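Each of the two complexes below includes subunit A, the first together with subunit B, the second together with subunit C.
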Partner chain A sequence: MRLPKQPGERIDRETAVSFRFAGAPVSGFVGDTIGSALYAGGRRVFSRSFKYHRPRGLLCCSGHCPNCLMTVDGVPNVRVCVEPVREGADVRAQNVLGSLDRDWLSVVDRVGGPFTPVGFYYRTMIRPRRAWPLYERLLRNMAGLGRVPAEHEPRRYDTEHRAVDVLVIGGGRAGRRAAARAAGEGRSVLLVDERGGSDADGYRVLAPARAIGIYEGGLVPIDAGDLLYRVRATRIIVATGSLEQPLVFPGNDLVGVMLPGAVRRLVDEWAIKPGECAVVIGADERGLDVTDQLERAGVEVAAVLDLRASDPRRIAAVGGGGRVRAVEIDSTERLPCDLVVVSGGRQPAYSLLAQAGATVDYQPRKGIFVPTNLPPGIEAAGSAAGAAEESAAPRASYDAGKGDRCFVCVCEDVTEKDLERAVAEGFDSIELAKRYTTVTMGPCQGKLCHVPSIRLLARATGTDEDAIGTTTARPPWAPVELGLLAGRHHEPMKRSPLHFRHEQAGASMMWTGAWRRPFAYGDVEAEVRAVHERLGVIDVSTLGKLVVEGAQAGELLDRLYPNRLSDLAVGRIRYGVPTTDGGRILDDGTVARLHGDLFYVTTTSTGSESVCEWFEWWNAVWGYEAEIVNLTGALAAINLAGPQARNALATLTDADVSNEALKYLDARELAVAGVPCLALRIGFVGELGYELHCPASAAEHLWDALVAAGAAPFGLEPQRILRLEKAHVIIGQDTDSESNLLSAGMPWILKLDKDDFVGRFAAELIRERDLGERLVGFTLPAPTLPAEGAQVVIDGRPAGRVTSARVSQRIGKTIGLAWVPPQLAENGAEIAIRVDGSLARASVTLSPFYDPDGERLRS
Partner chain B sequence: MTFLLDCPNCGPRDVYEFKYQGEVTRRPSGRPSQREFSSYVYFRDNVAGAQREWWCHRIGCGQWFVAERDTRTNAVLGTEIPAPARSSAR
Partner chain C sequence: MTRLAFLSPDNAAPGVALVSPLQHALGEGVADVSHLGKLELRGPRDAVEPGPGEELLPLSPTRALLVTDGSPARARERLHGDGLRVYDMTAALAACEVEGEDVLRRLTELDLERLPAIGSIARGTPAIIDRREGERFRIFVPQELGHHLVEVILDTLRGLGR
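Entry: the complex of A and B
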């Protein structure tokens, strides 16, 4: 039943909306919330409390308290008092066994007292330890906040960035006024409001949306449902208003005890009669003013108690069946009623200000905490600043010491007695008492219980509110769905210019860093064999490709690499391994001198950006006359490898590619199949090979021509076998953050007869000292295959690890690389490797397993 | 960490656009002693207060620059592209 039309009501009586609660149909109007429609339909019990499963009804009706949490369309913990009705919604109670009105778990309320004292989770159910899983399952079923649906329905969340001059948080009178004033000064203004509203007076309005915190740099994340705005503002005006505070007295959690705002919204916005007979108890004018609404709604007002004028010692709500039936004041009167409107004053909602760095002071006259010392760029407006009308500080509690149960925190079912016991046990600071009793740690995050708990602590410790102080304010200020914080799932992916050729060829693709690369096109062994015996082709476009150019490019490279590069002849290539000043191996690749001042540098696939940044950083320090340009994305690279590589290349180019004209480690610019290429004659896979670098746009054409010339595409896995046969290391797989050039077996690369270079100090020190572990090759009889990371065991103790291992058909053995103690870094030394729980005997090999003298590369 | 940094080329940008390279150190010249080497490679001043540090505008212009930042508040006191120190480093 609804009241006659109320001035300013929000419902559209012409448009009905129906949904289901616990399976039964409920109807409301557009403009209703699920909570208001349920209340209009006669529902009074909305939830069962967290710990004791006591019936709870609407208390704040403004989305702060936990009393109306329900599951809506599978989403748990929806505050139905502010959740708009929607057609066909499936609304269910949560945290109950049975129904809201008959919850079997409420047995805890009757017998649980001795078993659930304050901090019970620290002292009961902890022995025997073995039984904990059982206790845990029991507690999980009884306590908690809703259930995450088993069937996950993916929702998309997004993040957007905004920058404004002025951000106003809160669209009440003060917020609107501040926004209009800032807009009048020509500033770009954004106003966020929890409820509704549209753009006005030259400023934008974001609503319904909630600012969930203020972070450094004036960053304010704003929850707008599926969209998280990250707003940067030079000025932030906080106009979050004030929060009605409850009173602490016996029976203060009974269904029918409400804050004035709840009554106001029920009557004014939804034309609902909140009860039949009411008692109003308030410490502030606005709280007591609710009699207007009560009279308008035809509610009989049995009594109005102004706490500023009188100071009763005891107030008690007497209930039956969990609902309020009467109120007693100082044990003299018993006032029958079904509605008790209580107001302990209005506490400024200062949390965002405190997060931004404001301090908070207690004002004893008003009985509230007020923000002060606002940091630069942060302002407070309206009642959030403490501009509320006069109120009186209520008593910490009105139980007259009779030991009745008074709830301080309805979220976590923390009573006055719990807090007093915590103080008696020594948890007498607010931060400790909070953690011990969990007061303020529930869904309302202290909006209703922070100030009452401070008052109680002040009384219990014989101090005052100022001495107790407040707890640290932290984001989020309002509850947020985790999905919103996670944002949309981004999986950045890099594709080579040949990606679709690989897909067309049926390659199985794999992740390597952010790249998608072909694992193999079919039979790995056949692809390996093709390279050894005939001709293979692999897409190596993922290699980092840098150009270092300038009058001092050679000098710069001499200082970035441990070997000498300034004396590299034009058209020649050298292998290079940059290290850090700590001696650590950073990356590896080739350096080719293309012209006098122009060097072409390749890096590993994952290292292109970090190596480029590394080079640029050192050049920012030193300032050589050299420019570094990263061409990784602009160029493709294809490695043509196998004994037939030269013949195949010759059919596709007019250039002289004979072994005399294009030697091993030569670099030439030539046209292949009409595509201008840089050909680098190098041999990562151990056979005669040409790495052809060309513009990415021409990559498919070149690839097709090479395949047409008889080259069989091979993937990453065959390449890993081929490179392992040559004992070529993969930086980051065979080396780690401890590896240096000497321990990784590359002392030949170190040129200490040149000037200073990055890593020189370390190299000199390492040379003089014990090397520690060494990276060596090993073989063992196939098909035994140690896992990567398998232990090397010496005298029963772990003494090293395998970094790579594959079965090589060519070698006829299992081959691999491993870190071993230095005394075992000798040809033929025997090591034991743990494979599937037993030890396999392996033999150390210091030279490449295949073509150790590199004749095939040079042929 | 959500503060803004003034890239000398691009102006104020979200710190997530930048790569942090740690405090500005003094690289020893010539052959350092073991102690000098350790202190250069492994030790940092880690001041509570104004610190000069290297940043790179990675998701932007790619510029390396030095920022002075109060490590207690993340207030950025200034940014600059430093003059190359080649003469002293060599």
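Entry: the complex of A and C
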């Protein structure tokens, strides 16, 4: 049944919409919300409360409170009072066992109350400890909000960026006025309105949409359903209005207790009669004015209690079946009714302003908190600024000390007694009480319970609201779907220029940082054998590649590396390990001198950007005449390795690649298969090898030519075995942020006879002191294989850890690297390593396991 | 001949097929312009006069990217002669063009009225974005992330119903 046409009604009575609630058909009109259509159809109980499963009905009708949360088309926690009706929607109650009207879990309310005070699970469910998972499951099943469906069609959420001069949040009178004024000044203006609306003269309107926070730099995320706007504005005008505040009294959560705004919307917008007989209790004029709507709707007004004129000690709503039946005021009168309209004044909606950095002060006369000291670029307009009408500060509670149950927070079912108990237990600041009782932490995020809880805390601690203060305002200001914050599922993946060649060759790919790289192309052992016995080829394009060029490039590198590089001959390569100013290993790679003033530096795959930034940062301090250029992406790099590498290379180039013309640690520019290359004769995998660096766009051609010349592709796993046979460390795997050159067994790099360099002071100190531990090689009988990270055990105590371990067919043993105490860093020393729960005896080896003299590299 | 010849794809022999980093990613609505010559200039960029078919995108007071649809080799020689350090980034950067401010607004936070600019696109991919005629935009990203960018652009176009 609807009222006759109302002056400002939003429904289109000509266009019906039907949906289903709990399987039964419900009809409404275009312009209705699901909540209004249900109310018009006679539904009064809309939800069951979070903890006690008490019946709850429409309270605010503004999308603030939790009382109308339902599951709509599988989406939980939809505020149906503001969710427009849509044809065919499937609407269901949530957090109930049975039905909304008969919820078996309401037994908690009837018998569980004394056993479930605030924080009961912290005290009563802690023993036996093993039972906690059971308790947790029980609690989660009995309390809470809706459930995320196990299977559902993922919705699409997008993100859009906007930049404007002025952003106005709130589409009420004050917001519209501010927007028009800013637009008149020639500014680009965007207005966000929760309710709806369209573009106006001179400014754009986003509606229905809500700002969910104000972040640093004027960033405001705006929830527009499936689209998250990230708006940056130089001026932000907050016109979020004010929030009607409830009163705390026995029975204040009964179905039929409403805020004035709910009555206004039911009557004015949807032409629905909210009840038959009402009692109005208010501390402000606007709250009391709701009698206009009630009379227009034909609701009998049994009484109006103006809290500015009278100050009763006790107000109590008396219910039956969860619904309000009467109101008692100071026990002198009992007023039968089915609707109680309460207003504890209007609190400025300052949360966004506080998030932006405004301070919040209490005004005792009005009983509200108002924002002050707004930061630059942030403005408040209308009632959000505290321009609310005069009102009386209501009592903290109208229970008159009788100890009846009065709800402060309907989201989390927190009562007056809960807060008093929290204070008695020592949680007497608002931030502590909030965390202990969870008051203000529910779906409304304090919109309806923040001020009442501060009042109660002030009373319980014998102070005042100003002394209690407010909790920290944090986003989100309004509930937001996590999917909207997550956005599209795009994970940046770096692909080498040879990525598709690897896929075509059937490589199994793995993540290494942001890169996808081949783990192996098939048989790992066969790939290792091919490198040792014939010819292999691996894509090492992910290596960082820098050019350092300039008259003082050598001097710069001498200060960045612990070894000397300025004396490197043109065309020669040296291994380099930059360290931090604390002497810790930062990265490693090679440095080749291509010209007198031009060095080519390689870094680890993960280090390319950080090393480049490190070089640039230091050079900004020192000011050497040297450019540092990151060429990592410009160049592919392919390592051709194996005893046949020279012969294969010779078939693809006119250049002289003999051992005399291109020695170990030589660097030469040459064309291979018609591709311009820089060839670095180095050997990470322990065999004769050439690292060929070429333009990324020519990489496939070069790769194809090398494979056609007989090179077998090998992946990262074979490479890890090969490098371990040479005891070559991988920075970040075998070393960590504490490792230094001496402890990692690389004292030969440190040149303390040269001038100052980054980390020198620390290196000298480290040299004088106990190293603590040393990185050593070890062997143990195959196939026993310790996990990476396995404990090294000495005298029954943990004394080190394994960083790398593999079974090497070539060596015929399990080989690895481990950190051990310095006294054990001797050839042949015995260590115990924990493998699958028992101890395996391993033998320390200080030299490479394979080709210790490097003859194969130089051959 | 400038140094670092191994940086320049155009130094490859005529039979060498040069491959775009976007070769396997492309779809309707994205045009691949990765073939354009891209030279990073270090030094006083005020002295640089872009020639015909060239565009100079400033990166910092002392860095710029010269984009050319002509011969990068000639541009390299000329600019080297101007006393600048020139690094051939042709193979380093993938480049594509897309149409529509609405697409770009979903991809980047950069102010589309103040282009060219350096920023981030598609959640953290470093990019140089330039505005062409009307609502056509040219995007440069590291080539290793080019495929990813095109995937995101195509997904964004789908989200916009295109």
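Definition applied: the second predicted complex is superposed on the first by the 727 of 859 C-alpha atoms of A that agree within 3 Å, B and C clash if a C-alpha of one lies under 4 Å from a C-alpha of the other, contacts with A are read in each partner's own complex, and residues count from 1 in each chain.
Methods note: a contact is a pair of C-beta atoms (placed from the backbone, for glycine too) under 8 Å apart; a residue touches a chain by one contact, two chains touch by 3 or more.
Please read these numbers as outputs of a predicted model, since none were measured by experiment.
According to the stated criteria, A:Trp617 is in contact with first (subunit B), second (subunit C), both, or neither; which is it?
first
Pick one for A:Asp464: touches subunit B only (first), subunit C only (second), both, or neither.
neither
So which one touches more of the residues on subunit A, subunit B or subunit C?
C
Is A:Asp90 in contact with subunit B, with subunit C, with both, or with neither (first, second, both, neither)?
neither
Using the superposition on chain A described above, determine whether A:Ser496 touches subunit B (first), subunit C (second), both, or neither.
In the superposition, A:Ser496 contacts subunit C only.
Once the structures are superposed on A, label A:Glu533 by its partner contacts, choosing first (subunit B), second (subunit C), both or neither.
Neither subunit B nor subunit C is touched by A:Glu533.
Return first, second, both or neither, reflecting whether A:Arg232 touches subunit B, subunit C, both chains, or no partner chain.
A:Arg232 contacts both subunit B and subunit C.
Quick check on the superposed pair: does A:Asp199 touch subunit B, subunit C, both, or neither? Answer first, second, both or neither.
So A:Asp199 meets neither subunit B nor subunit C here.
Just to be sure I follow: which residues of subunit A are touched by subunit B in one complex and then by subunit C in the other one?
161, 232
Taking the touch rule as given, give the residues of subunit B at its contact with subunit A in the complex, in rising order.
Those residues of subunit B that touch subunit A are 1-4, 14-15, 19, 21, 27-29, 31-32, 34, 37, 40-42, 54, 56, 58, 62, 64-65, 73-74, 81-86, 89-90.
Inside the complex, what are the residues of subunit A that reach subunit B?
Against subunit B, the touching part of subunit A is residues 161, 215-217, 219, 232, 581-582, 609, 613, 616-617, 620-624, 755-756, 761-762, 764-765.
What residues of subunit A sit close enough to touch subunit C in their complex?
156, 158-163, 230, 232, 487-488, 490, 492-497, 499-500, 515, 547, 549, 594-595, 598, 627, 629, 631-635, 669, 671, 673-678, 693-701
Please name which positions on subunit C make contact with subunit A in the complex.
The touching residues are 3-9, 11-21, 23-24, 34, 40, 42, 85, 87-93, 102, 105-106, 108-109, 111, 122-125, 142-145, 147-148, 151-152, 155-156, 159.
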